[in-house]
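Labels run A, B, C and D following the written order; every chain starts at residue 1.
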Amino acid sequence: MAILVDKNSKVLVQGITGGAGTFHTERMIAYGTNIVGGVTPGKGGQTVAERPVFDTVEECIEQTGADVSVIFLPAHFVKEAAIEAIRAGIRFLVVIPEHIPIHDMLYVREEAVKHGTTVIGGNTAGIITPGEANLGIMPDIAFKPGRVGTVSRSGSITYYVADTLTRTDYGQSTCVGLGGDPVLGSTFAEILLKFEEDDKTKAVVMCGEIGGVYEEKATEAISRMKTPVLAMVGGVFAPPGKRMGHAGAIVEGKMGTAKEKLEMLADAGAHACKTFKDIPETLGRLGV
Amino acid sequence: MRLYEFEGKQLFKKAGIPVAEGQLAASAEEAYDVVARLEQPVALKAQVLTGGRGKAGGIRLVDGANEARTEATELFGLTIKGFPVRKLLIEPKFSVKQEYYLGVTIDRANYKLVVIGSGEGGVDIEETAEKSPEKIVRKTFSIGEPMYTFDALAIARKIGIPQDLGKKAAAIIVSLFKLFKQYDAKLVEINPLVLTDEHELMAADSRVSLDDDAVFRHPELADLGIEKRHEEGEMTPREQQATEWGIPYLDLDGTIGMFPGGAGFGIMGNDFIHYYGGKPANFMDSGGGPKPERIAKMLVLLDENPNVKAIFGARFGGISRCDDFAKGVIMFLKDHGLSKPMVMRMTGNMWQEGVKIFEEAKEAEPELFKHIEFHGIETPIEEISKRAVELAREGGN
Amino acid sequence: MAILVDKNSKVLVQGITGGAGTFHTERMIAYGTNIVGGVTPGKGGQTVAERPVFDTVEECIEQTGADVSVIFLPAHFVKEAAIEAIRAGIRFLVVIPEHIPIHDMLYVREEAVKHGTTVIGGNTAGIITPGEANLGIMPDIAFKPGRVGTVSRSGSITYYVADTLTRTDYGQSTCVGLGGDPVLGSTFAEILLKFEEDDKTKAVVMCGEIGGVYEEKATEAISRMKTPVLAMVGGVFAPPGKRMGHAGAIVEGKMGTAKEKLEMLADAGAHACKTFKDIPETLGRLGV
Amino acid sequence: MRLYEFEGKQLFKKAGIPVAEGQLAASAEEAYDVVARLEQPVALKAQVLTGGRGKAGGIRLVDGANEARTEATELFGLTIKGFPVRKLLIEPKFSVKQEYYLGVTIDRANYKLVVIGSGEGGVDIEETAEKSPEKIVRKTFSIGEPMYTFDALAIARKIGIPQDLGKKAAAIIVSLFKLFKQYDAKLVEINPLVLTDEHELMAADSRVSLDDDAVFRHPELADLGIEKRHEEGEMTPREQQATEWGIPYLDLDGTIGMFPGGAGFGIMGNDFIHYYGGKPANFMDSGGGPKPERIAKMLVLLDENPNVKAIFGARFGGISRCDDFAKGVIMFLKDHGLSKPMVMRMTGNMWQEGVKIFEEAKEAEPELFKHIEFHGIETPIEEISKRAVELAREGGN
């Protein structure tokens, strides 16, 4: 078991014929990811990395049975590509590009909720279930199969956490990159609850950072979880970020400093960690 | 991308939202000329990309052209929260019977647009929101949902707009909401929306923040003279240099030059240095998949900073590649040379290639590498952080 | 019992300050209809026929508890007024004006379905539950309380049918004007099924006419109903109407002549009537 | 409101849908001039507001200007399904490798927009739909829902557009859908969409029907010269008169002048006359809430029709009022006078007032009323219908 992707996932790549699309498709295949095809409108009939390319997601699904998609496309194509994937029946969608217009992501999220599709990103390094599937741009070297899940807003933090878990032999069940953009396809809370339901995941490390609202919104989920949650929040020594006018303060409440976020998470029952090496120490103490 | 008040008001005017007829002045003489022509009491309003202008003395009411010159001269000497005053917006003075607040923004946690209104506008709106939440009216919308006049009429009524101005207020609210969507805004505010003694409604200030990532699809903004701009206050020369090179960079007051990969560990790495007793000299982000040239420039910024006693380098290749990273470091070493001690760790995508490039270069010109302590995945990043703090202490002696 | 409106319905009039709005408000009140207020944006605070006028439906509902609305407004205001009423929580909406843009009615219908609101019209004479409530423009003289429901696309046909039922002492439970516009807020099938659930209604007379698709779509409902349905369709001797291009034929199938419609309804179990006097004869035969 | 082919193609062109560069001719000489200038084989296409043009010989292929004059002369002599040919659209001839069908319309039963496509376009598309429904591709949309390129690509693929033209076809489909919504259409069709020997896609014909009730919000159509028009074929003089007066009216071949209230009973009343053995001389609709002047004009049309032997009048006041109705009848009696026997029934809203007006007028000038048999609610409408048939028989003797 794992969450969201495993070796049985049939993965398609949207934007497979582009430079990054082709490069990472080959990497993902080399890892053993079950890439079944790709989509680039107008390039149907071509082949990339021995995988067939289609004009539409619908056709790709018809022909290959794909159920998961990874998007490698310029940011301004993401909205339509994501909506296409969601409507065509993709159940899990990974949005790699960064700088996606915020309004576009609101449309994508609305469509995703309507169809019950899980979306991660934009600006995510992707997701990996070690030994089974690696979707996105994450470096294989950091990961090995194991029993701790991770979810992080930052790609590099994901790598460091995984690296630490690999070195200490905990390994990872699944590592999820939530994404670095201001509006994300999924929230911490949603991913945490998926880990909660996964038998293989004995603990979850969540890594947030200063700014945004998704850490605060995770507290309710954490307080309900039986699976232990370890929490890191970057930016404790960073100067406070900027506010989005009065309206931002009214809608999102107090500016979440890293310290406050960490306190809120700890109050909800998460185990706060300062540096990566606190993670195996905490896991050991918890008997994971 | 934050707009200046006068730019926001241009958009308001286009959208049919009533604003005062304002004029810009870029010097005290221009201010004199404008007020001399207008022959009426005016407000001189400093145009800066930050709030708190009023409290900082950035607004002056004057009755004549000579007074305008004097006050404008003062205003042009001001720096408000790091922003020097370069332009004034000059508007006829108006009476204020009541101030309302109107805003539209994104509720990111709930993925909705939120329209906010209050009968108590002005600078203390956040305090009102906290202390008397019942005085704040909110209405949420899905991104695809239109706002109808009846939605806006309900808001107008609830914030206490006089009944006979309800339809006018509703038109303003609908226009503000449309403007928000039309320009891919993150925030639009009218604060205050003023009810004048003449029983007219008018947007007395504007605050508009647009989504930088969506500006590409609004060429009409450039037609209005609205273009991407640097939104921070005054920059240090190094920050200016970094900005020219397109590198997100911020000077801090420590001694360790931070050369991390990725924004995420860029922030957390700074925490680590603190945890081990050091102080970073900067923030820096390489951006996704940096080319060797950019890597080299990042190092130049650090090496030339006299405050930097040691450099902390970290690269975990993801979208970025270790081979490009290694090439960039070597480019820097060859073209510029490293004068500070540096400890670094490199792993991730293409690490084998990166290590090979390093080793070959080092074999060819070992003296270039004499200040570098190089580590791979075998060394935890905490050790690297500790070592950077040690090196900085040693260098500081 | 009755359907959709009765003496307990709290009715508001949208457009109450207009000429037709005021005239018919007074008529409806004279009939005994429980009109509780009106709405005209910008005219809040005024009074019409001793009823308070509000700027928004929301406010009118807050102050009066209105749950039903009748719209008397120029056609191009109907879309927004209807959506306002539906969103504010009106459960039944009567759209009197004719010539409403078709696309507007599609928006109204979508909103109505989403909120579970029943809409009749546009271009309807309204609805009457004799002795209890008369919403719209129907002439009181034709109606009296009784046990037969009617639903018709035409106002004048409604009056003639009611007149016939009144003269023969059957009377009417409720008479519904479906409306004469090409796209209507409700279909025959939907109104028929409401009559099916009404204890007081012992039979229903439905009156269709040549053109359109709502008669054909009623057959399934009729075949499921226990309450007997009598059907008239106008235009048996009319020249066939115009087709909406090839697309119309493809989407809506064969052109429904009055004769074909009547046959389809009869096949589904409806009792076909040629002239109004066939109605009491049929009811008598059925023992209603 | 149905548009002419050339008008629809103007809209297509504005929307970016490829069409041939066509020119209009209003006379055979103009056709000669156009073809002489073009110096290439062309199609002369009769512009009429009806289908079946091709089968009626409304399209002629010609190679030169003289031939064009000859054929155009013939075309201008044609009347197609009652529509005289007044304009020709002249387009360069093109080769046809394949014909597709594309259409957007409203599925009224399901309250959706439907996009329809087929790989077998042309005049037999309805037959294809009936006999080989699998050759018809449909996709439904809610009115508020956008069509995306991927929706259109899927349609293009399913109707067999060559893969390399998929994106071009998708752009056409998306444009057609947008056009449908932008102009409040009831129907837009490209039939056929042609694939030429040069491997280009082109809309070879257009069919566009707009919603009359929404034309008011499209003033841009008037800018293109597209305005409301009478869409029936040639009218009888009486139909023309009625149209000028704004009265929906149609001549039939019977003897009973139909003077009913409301469109609903206007249609069903005709059936009643048939059931009782008579034949109506016309259809007529008073429209909602007619004023007395209009009522009077309706009667003028009937009284002056020599085929009319008797008049059947029925008024059940709803939105219309019996007092206005009575005033209109009396206006007619006084200004024009009734020369035919007439039986009528009047009841409904304001019937007391209506009856009173009648009685007072009759008392004052009884001779005006000598041909009228007047009934109220006490007489079933069937009796009135029967009586009208009797009166017509008597009058016919």
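The rule is simple: a contact is a pair of C-beta atoms (placed from the backbone, for glycine too) under 8 Å apart; a residue touches a chain by one contact, two chains touch by 3 or more.
What you see is a predicted model, and the numbers here were worked out from it, not measured in a lab.
Chain pairs B-C and A-B differ in how many C-beta pairs they share in contact, with the greater number at A-B.
Put simply, the C-alpha centre of chain A and that of chain C have 53 angstrom between them.
Averaged Cα coordinates give chain A a centre that lies 57 Å from the centre of chain D.
Computed from the mean C-alpha positions, the centre of chain A lies at a distance of 26 Å from the centre of chain B. Touching of two or more other chains is recorded for residues 144 of chain B.
Annotation for chain A: no residues touch 2 or more other chains.
Taken together, the touching pairs link the chains into one ring where each has two partners.
This structure has the following touching chain pairs: A-B, A-D, B-C, C-D. By the touch rule above, chain C contacts chain D in their complex via residues 27, 75-76, 96, 98-104, 106-107, 109-110, 113, 125, 137-142, 152-157, 159-160, 163-164, 167, 180, 182-183, 187, 207, 209-210, 212-214, 216-217, 232, 234-238, 244-252, 258, 274-277.
Put simply, chain C touches chain B in their complex at residues 41-42, 44-45, 55-59, 80, 83-84, 87-88.
Touching chain C in their complex are the following residues of chain B: 148-150, 153-154, 157, 163, 166-167, 170. Within the complex formed with chain A, the residues of chain B that make contact are 51, 101, 103-109, 111-114, 116, 125-126, 129, 136, 138, 142-144, 181, 184, 186-187, 189, 191, 207, 209, 211-214, 216-217, 260-268, 270-272, 274-275, 283, 288, 316-319, 347-349, 351, 377, 380-382, 385.
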